[in-house]
Amino acid sequence: MFVSECNIRVRYSETDQMGYVYYGNYAQYFEVARTEALRQVDLTYKMFEEAGTMMPVLSLLCKFKKPAKYDDLLTIKTIIRVLPSVKMAFEYEVHNAAGELLNEGETVLVFINMKNNRPTACPPNLLEKLKPFFEQ
Amino acid sequence: MFVSECNIRVRYSETDQMGYVYYGNYAQYFEVARTEALRQVDLTYKMFEEAGTMMPVLSLLCKFKKPAKYDDLLTIKTIIRVLPSVKMAFEYEVHNAAGELLNEGETVLVFINMKNNRPTACPPNLLEKLKPFFEQ
Amino acid sequence: MFVSECNIRVRYSETDQMGYVYYGNYAQYFEVARTEALRQVDLTYKMFEEAGTMMPVLSLLCKFKKPAKYDDLLTIKTIIRVLPSVKMAFEYEVHNAAGELLNEGETVLVFINMKNNRPTACPPNLLEKLKPFFEQ
Amino acid sequence: MFVSECNIRVRYSETDQMGYVYYGNYAQYFEVARTEALRQVDLTYKMFEEAGTMMPVLSLLCKFKKPAKYDDLLTIKTIIRVLPSVKMAFEYEVHNAAGELLNEGETVLVFINMKNNRPTACPPNLLEKLKPFFEQ
């Protein structure tokens, strides 16, 4: 299992007139969180695209427990439970500074070869970086 | 069962560098679609808030089949399968102009009394408007 | 002078906790408005990109008079005062359903040849469509 | 003169199909930058709203020089040239990690008393914090 954490400060633009973070904006937070998870093992999603692999999202699930508010400093925990194959699943937990669980989410992405637009295996450099976290 | 449809034209701002609609933007499309579904029975979500009831989202699910692209004219079908109680579930199907199914989604919302911030029953005027669609 | 109008319904996602449309979202409205202005002369911005010309924005100016609110049906007037050359200027006026002027804006865009990434002349088909509006 | 700096990492959601940051997203970056400018003198915009003063934007100006790209680590310099009165002007300069100037902007905000919705003087605590930067 691989776990990483990152912080996101809620922007004013991300609130709605309910005074909460708009529910659709968590997808952006999850994107930032998984990007930072990769950066923690010295990889960037940008590198993957430059090397010809993109990762569109196949599914998104969010469960909203409590609202995030303007200027909250959120902590997003990103969890990879299974070594990626053609697909890669990320789980997310969003907490506020008081430690309250605000939101739980899950995304499944697929590796796509940008040349032929078809699914492809997880890039070897990513697999190599993640393997140590899945060994006993 | 209540079914309604609305059209949304994809904005440039909603695309990302993959050339597709960013996956987080479907939550906005679903919001527009359920708002227009209510308008079709002569109600607006705005009225509900003005009358003291808000509807935060409890859960969001999206399954992405094919990408929507810039300037696509999307048709979003909104389906209400069950009469709302304290919660209200909406299902969505997004098609492009070629009739391809791009995306399926689901949101569950809860009625909240804005005075005490607690769950409350579905407003009677909404229930009344929807009932005919659920009778045989 | 070429003038066109389009309508945009304010989405919940576009409001912020002030209860107004977030100031940064007018840039999106302007984009929709200029796209619809082109469509009115049977052209689309999409065609231009497919033909190898893109139009990045060089400058954006907005003056905010009154706030737009959730579910407002806005009318955006787009004005082209000068025939485009290498650059193209659009002016915008945003009114609400009560006829109040909410916002005035201006964008200048530049035609870029996507092959060499350099400025280029306005596509002839656009010029041809606009010319009649600038003759006496 | 008061100057502060903050960093913003470009999110995938903020790009468009041109492969650049969408021009409307700089308004968000400017919002983050002025919020962080205030935080640097131990104030938050959130405090102002909680104390009954909000700051809607009166005007926005952006001049786009070069595009920001996905995953760029931007530095936003925020400049306050004049002590605020009823209005407060911020200037912004956006640079990428290579030191290139990408964008220059300017916003003017107004202090509004949230009770009567009318313009009001700059909150004294803000004025006090800024004064030392404007003395010789």
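Chains: A, B, C and D, in written order; residue numbering restarts at 1 for each.
Please note the rule applied: a residue touches a chain if its C-beta (ideal position, glycine included) is under 8 Å from a C-beta of that chain, and two chains touch if they have at least 3 such contacts.
Everything numeric here is computed off the predicted structure, so don't read it as measured data.
**Student:** Taking mean CA positions as centres, which chain lies farthest from chain B?
**Tutor:** Measuring from the centre of chain B, the most distant chain centre belongs to D.
**Student:** Which pair, C-D or B-D, has more C-beta contacts?
**Tutor:** C-D
**Student:** Between chain B and chain C, what is the gap in Å from one C-alpha centre to the other?
**Tutor:** Comparing mean C-alpha positions, chain C is 28 Å from chain B.
**Student:** Distance from the CA centroid of chain C to that of chain D, rounded to the nearest Å?
**Tutor:** 25
**Student:** Can you work out the whole-Å distance between the CA centroids of chain B and chain D?
**Tutor:** So the centre of chain B lies 34 Å away from the centre of chain D.
**Student:** Give the residues of chain A that touch two or more other chains, as numbers and ranges in rising order.
**Tutor:** Correct list: 12-13, 18, 20, 22, 24, 27-28, 31, 70.
**Student:** Write out the stretch or stretches of chain A touching chain C in their complex.
**Tutor:** Touch list, chain A to chain C: 12-13, 15-20, 22, 24, 70.
**Student:** Which positions of chain C touch chain B when the two form their complex?
**Tutor:** Against chain B, the touching part of chain C is residues 9, 11-13, 27-28, 31-32, 35, 44-46, 70-71.
**Student:** Once bound in the complex, which stretches of chain D touch chain C?
**Tutor:** Listed in rising order, the residues are 18, 20, 22-28, 31, 54, 56-64, 67.
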